[in-house]
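Both complexes below contain chain A, partnered by chain B and then by chain C.
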Partner chain A sequence: MGVIVGLLLLATLVTVRVTTAELPTEALSDAAKDFFTLSISVFIESLPFVFLGVVLSVLVQVWVPASVFDRLLPRTPVLRRVAMSLLGVFLPVCECGNVPLARGLIVRGLTVSESLTFLMAAPILNPVTIITTYQAFGWDHGILAGRIVGGFVVANLIGWMFSRHPRQHELLTPKFEASCQVAHTEHTTRSRVRRSVLAFAEETSTMLPALVVGCAIAGAIQVGVSRDIMLALGSDPVWSVLALMALAFVVSICSNVDAFFVLAFGALFMPGAIVAFLVFGAMIDIKMLALLRTTFTTGTLVRLTAIVALCSLVLGLGVNLIA
Partner chain B sequence: MRDRFLTHWRGIALSVVGIVATLWLAVTGQLGLYIHPRYFAFTTIMAGIAVVFVVLAFLLVPVGGEDAEHDAHDHGHDHGADRGPVARAWWFGLSVVLVAATAGALLVLPPATLTTATVDQRVINSSVAGQSLDDTIELAGGDEASFTVKDWAGLLRQGADERTLTGKSPTLVGFVTPDTDDPENVFYVARFVVTCCAVDAQPVGVPVYLPGWRDRFAVDEWVSVTGTFSSNPSIASMQATVLTPREITSTEQPADPYVY
Partner chain C sequence: MSTESARGSRAESARAESPRSEQRQRARFQRLTIAVVAVLVVTAGALSLANALQGPRLSSVEVNPNTAIQRPGQRLILRTNQPVREVTSAQWSITPATDAELTVAGNELTLRFAESLDYATEYTITVEVAGVATGATGTLEYTFRTPDPQLFTLLRTEGVDRILRHSFSGAVTDEVVFEAERIQEYALLGDYLAVVTFDERGTPVLGLEPLADRPAVTVPTPPALAIRVVRASTQSNLLGYIVEHERSGGGGGESTVASTLFVYDLSDASGVPIEVTGIGGMPLIVVDWTFVPGTGSLVAQGPDQQLYLIDPLGSTEPVPLGQHIELRGFIPGTARLVVADFLGGSVLDLVAGSNEPITLREPELDPMLAPGKQVFLDDESFFHLRHRIDYETSSVSSALYFTDARGTVEVFRPPSESSRVLDYCLSPNAQHLAIEVVSPEGVPDHYPVEPGFTATMVYLINVEDGTSERRLNGFAPDWCR
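And then the complex of A and B:
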């Protein structure tokens, strides 16, 4: 039954795509066309990373025994979070893929603050990001060092602050928390393949609508907000940092490549602003917040964004003073 | 049925839409309209892996909520007491709209490049996109024939003028976008430079002096311009050096419209 529906659906979609390939688009204004092109480009760019994150999350939830984490991770909370912040070294996934993986880790019994540490650190402390940042900037002006050290410190600070929250489960959305409860009590009456496929369906059902909404918002803001306002602020030590942080928030590009993107602004902006862009943008942006909202409450995300923004600002100002 | 759609089939449906869109773009060689070529392989491979999961999902995920075990599972999991039947109906409706809108954007709209609307949004030549300052373009000894719009725009930005560019006669292919300071007499033959995906596209362009160009070419039309560099006769335009065209022909949009 399902297979027939699936084949029909597939045939319909492919037919639609092939027949509409040359459709005239004069009816749409240029701005509307660009809104679609920009939103689609973020979606096509992020989708494989989300798939990778979902697949890894399924592996963690279904195929890795929970005891593995207890055996491998240190006992002391601080050291546990340090270990979590370095997990990205083995998982060079872009930040949008990290969200499903972090959900998988929470389901597997890691604390919320440990998962947050991972979420904040992994986009920066992973080999792909470090190599691309090095290719873009080399050792100039402490940008690479600022990004790596800053990312590590900020992520662990975030983890520590949220670990102080007395009721960790209140940081999560009720819906996600309920699914954790189920996962803890649910036992393996079904085969692992079947559970994997169900988990894939559940994760994509949560993540992909959020991704679509995030991409649409990112595209709309790109079309709506002119960029020269931000560029006018480049040479002031404070405003340059704030301007590039705002840009990072808006463009929502993956941490693996944002160094190449911001390189174009290297001549106009102070190095601290670049570091703030590279740290803040990797941790928080529009698309990321839409994805995180599937798991964390709005209050948690407001606090998270405020803390990361403040830390990035301080980091950027510090680099501007030193460099 | 509705509940199953929200918890499982919504994601499968969006996955299928995304996979069909991605693979169709890859097969027809149009992925480059949206993302940088370095992601082509990764994007295609992940879409392939997702195909396996989606096929298994159509085999294994139940369509309705008839299975008692699943009902219990879903109940604790998604719609506890916090969501009544009305709210669930709303979520179901919204999700259907979302899936349909995504399918419309990804599968019905023909693939497109960015237009002049985005050039206006992001100042043209505002930075030598993708180039660090040490990475200056060497005219002497450089392979001029391989220079793109981006390279010539970079040279002009570095201060190359009529004198240093004597005898150069490039042929440039790009789309037409007006110079905002003198839109009647000067236009840019422009390209977008992409570092990751179209969302970070930076417009670069070489100014062309041709009074009355609007009678011959439309904005966003693709053209091939051959000419020589000279001081800009336009008073309003901020550009010091322009290309004086010897020949301009309209042309097809290249298969790879962006430069990297």
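And then the complex of A and C:
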């Protein structure tokens, strides 16, 4: 049934595209055009990473034995979280791709705090992000070092804090928590291939609507908020950090390419603001919150956002003070 | 379910058995969250305050000292960590004092030097700035040292001639970089010295002698009676020289001596010199020529005194510049060529394509002094040589003068009354003069081209105050080539 609905939807979109391709676009206002352009650009940029993340998630959930993680990860909780924060080195996907993978890790039995550590660190501590940041800024003003060190510290702080929660499963949405239970029971009743297909369908049908909504909100806010205002704030050591954090939250750009995006602001904004953009935006943005909401409760996300934002602010202000 | 998860479940079950304990743990988590947030808020507040009180700081500097000593108008960019307010002239300084203009745009302070900077000099720039957003003040200070360029002279002695290398500051003196039985002239071309020597039959040979670890190159020339006026353009990797060679007359006529200008492109792998031709590709006899500074173009003078602007590597036709008696050189840092005419002089602006006569203030000097070479600093000020000839003793004494709108002053007089100035020229940055002085005991060396004297020294003089800076052995400094 779902396949039929999907095909019908696809056919409708193709029909609309074919029949309206030649129509003039003057009927749309500039704001509407900007909205569609910005929303679709974020969506298209994120989509491959989401699918890659879903595939990796399915592999982790279905094909990697649970004992692998127990065998490979250290026993001490602190060291486990440190190891999880460095897992992104082997999984170079952006933050949106890491959400399904983090879900897979939870399903496979890792704690919520460990998965959160991975989720926060992996978009920054992965080779693609490090290389693109280096290409954009080199070693100038400690931006690259600030991003790597800052990302590592913030992710582990988040992991440590949530590890102190007495019932970590309460940090998850009831629906996702229930699906974890179902996944455990399915292990014994279905073949791996069938479970893979079902997990892929489940993850994509959960992620894609959230991605669409997140991209639409990001596009709408970018149209609504004047960039001139943010640029006017760029000359202040404090406001510049807040302005670029707000920009990172709104534009929802993937961590693999965000360094090139913010490079254009490098001449106007202070180095600490750039670092805050690169750390905060890689961990939390509108699109990411929409995706995270599929897995974590609102309260968890409020705490998560507040602490990541404050950490990024401190990091940015610190860099501004010394760089 | 993994072991970890199982452990977590057992722990949670245990906790479920103790609601009070769980309640305490929840409260502890809440307190922990609040504590983390509070610590971060306080830290952010403290850092905000510190940032607001801290003035702008220097984050990077962009300057190329190598070009700053070669050309006027070069820039030094100071970048601050935050945008700064406009800066008045009272808020910045540069030592030693140098004519410059400072502009501010955002977090960039651009200092444009009106003149070339001096050699081997430490410059310090200090700017008092205030942040645009916070108003907090700070002092930017940056110090850099300009390069200590090398200078070459030609020393002719009995049996062997040498090219000597010196550094401007005096750290290196009289270092022999090339020697041969006879050296006629030379020019500096990047890491090479283009040197005219003579083979065993006395035929002139042009070679490129490496200053760095590179192979020597012999420049092919037609069978030459003479090679002269060797000049180089390091920026364009070009070497130019006039070859005097026999050209057979057409139809069995007598052969004549032709002076042909060739250009050798160091970056051309073929290694074949290019003959510089006139309009329509016709052979061009060249009497004198010079490169346009900083370019590969040249100005050549034919035997009819017609000047041509020529791009030897391009396909464009030579541009006639009119008939003028003599090339007197370019005004430093410009493409404005001073030429001598029958009734005075003109300035040919090769960029604007204009030709303006120059009216110079008449030097207030003894009219009995014989005039010599003129070198121009700008359209109104120039150096000029004057010789006093004592017909009774057959001796000549010289002095160098500078004339501008304010009058005429003596710049240099050789220490010995009977010494005389052979030649002189400005340094590439126009801040020093190299003056060739022949001592009374100097005798002619009788070279057919570029003749010189023994006992010749080069004096380096500061243009600004006329102070003598150094003396170098030899003559023909590369500044004058």
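Keep in mind that, in the parts below, the second predicted complex is superposed on the first by the 298 of 323 C-alpha atoms of A that agree within 3 Å, B and C clash if a C-alpha of one lies under 4 Å from a C-alpha of the other, contacts with A are read in each partner's own complex, and residues count from 1 in each chain.
One rule holds for everything that comes next: contacts are C-beta pairs under 8 Å (C-beta built on N, C-alpha and C of every residue); 3 or more make two chains touch, one makes a residue touch a chain.
Every value quoted in this text rests on a predicted model; they were computed, and no experiment measured them.
Undergrad: Just from the overlay, do chain B and chain C fit on chain A, or is there a clash?
TA: fit
Undergrad: Is it chain B or chain C that touches the larger share of residues in chain A?
TA: B
Undergrad: Can A:Gln222 be said to touch chain B (first), chain C (second), both, or neither?
TA: Touch status of A:Gln222: first partner only.
Undergrad: Which partner does A:Gly299 reach: the first (chain B), the second (chain C), both, or neither?
TA: neither
Undergrad: Thinking of the overlay built on chain A, is A:Leu263 touched by chain B (first), by chain C (second), by both, or by neither?
TA: The first partner, chain B, only.
Undergrad: Touching A:Pro237, do we find chain B (first), chain C (second), both, or neither?
TA: After superposition on chain A, A:Pro237 lies in contact with chain C alone.
Undergrad: Examine A:Leu317 and indicate which partner it touches, taking first as chain B and second as chain C; both and neither are also allowed.
TA: second
Undergrad: How many degrees apart are chain B and chain C as seen from chain A, counting from C-alpha centres and rounding to the nearest 10?
TA: In the superposed arrangement it comes to 60 degrees.
Undergrad: If you stack the two complexes on chain A, which partner ends up touching A:Pro74: first (chain B), second (chain C), both, or neither?
TA: neither
Undergrad: Compute the least Cα distance separating chain B from chain C in the superposition and give it as a whole number of Å.
TA: Taking the overlay as described at the top, chain B lies 8 Å from chain C at its nearest C-alpha.
Undergrad: Jot down the residues of chain A that show up as touching in both complexes, chain B in one and chain C in the other.
TA: 267-268
Undergrad: Quick check on the complex: what are the chain A residues that touch chain B?
TA: Interface residues on the chain A side: 1-3, 5-6, 9-10, 13-14, 16-18, 20-23, 25, 29-31, 33-34, 36-45, 47-49, 51-52, 55, 136-137, 174-175, 178-179, 181-182, 186, 189, 193-194, 196-198, 200-209, 212-213, 218-219, 222-223, 225-228, 231, 251-254, 257-258, 260-261, 263-268.
Undergrad: Over in the complex, which chain C residues touch chain A? Could you list them?
TA: So the residues of chain C in touch with chain A come to 1-5, 8, 12, 15, 22, 25-26, 28-29, 32-33, 36-37, 40-41, 43-44, 47-48, 50-52, 54, 59-60, 81-83, 106-108, 131-134.
Undergrad: Would you tell me which residues of chain A are touching chain C in their complex?
TA: Per the stated touch rule, the residues are 66-67, 69-70, 108-111, 140-141, 157, 161, 164-169, 184, 234-240, 267-268, 270-271, 303, 306-307, 310-311, 313-314, 317-318, 320-321, 323.
Undergrad: Tell me, which parts of chain B touch chain A in their complex?
TA: By the definition above, chain B touches chain A via 6-18, 20-22, 24-25, 28, 31, 33-36, 39, 42-43, 45-47, 49-50, 53-63, 69, 73, 76-78, 80, 82, 95, 98, 101-103, 105-118, 121-123, 126-133, 193, 195-200, 202, 220.
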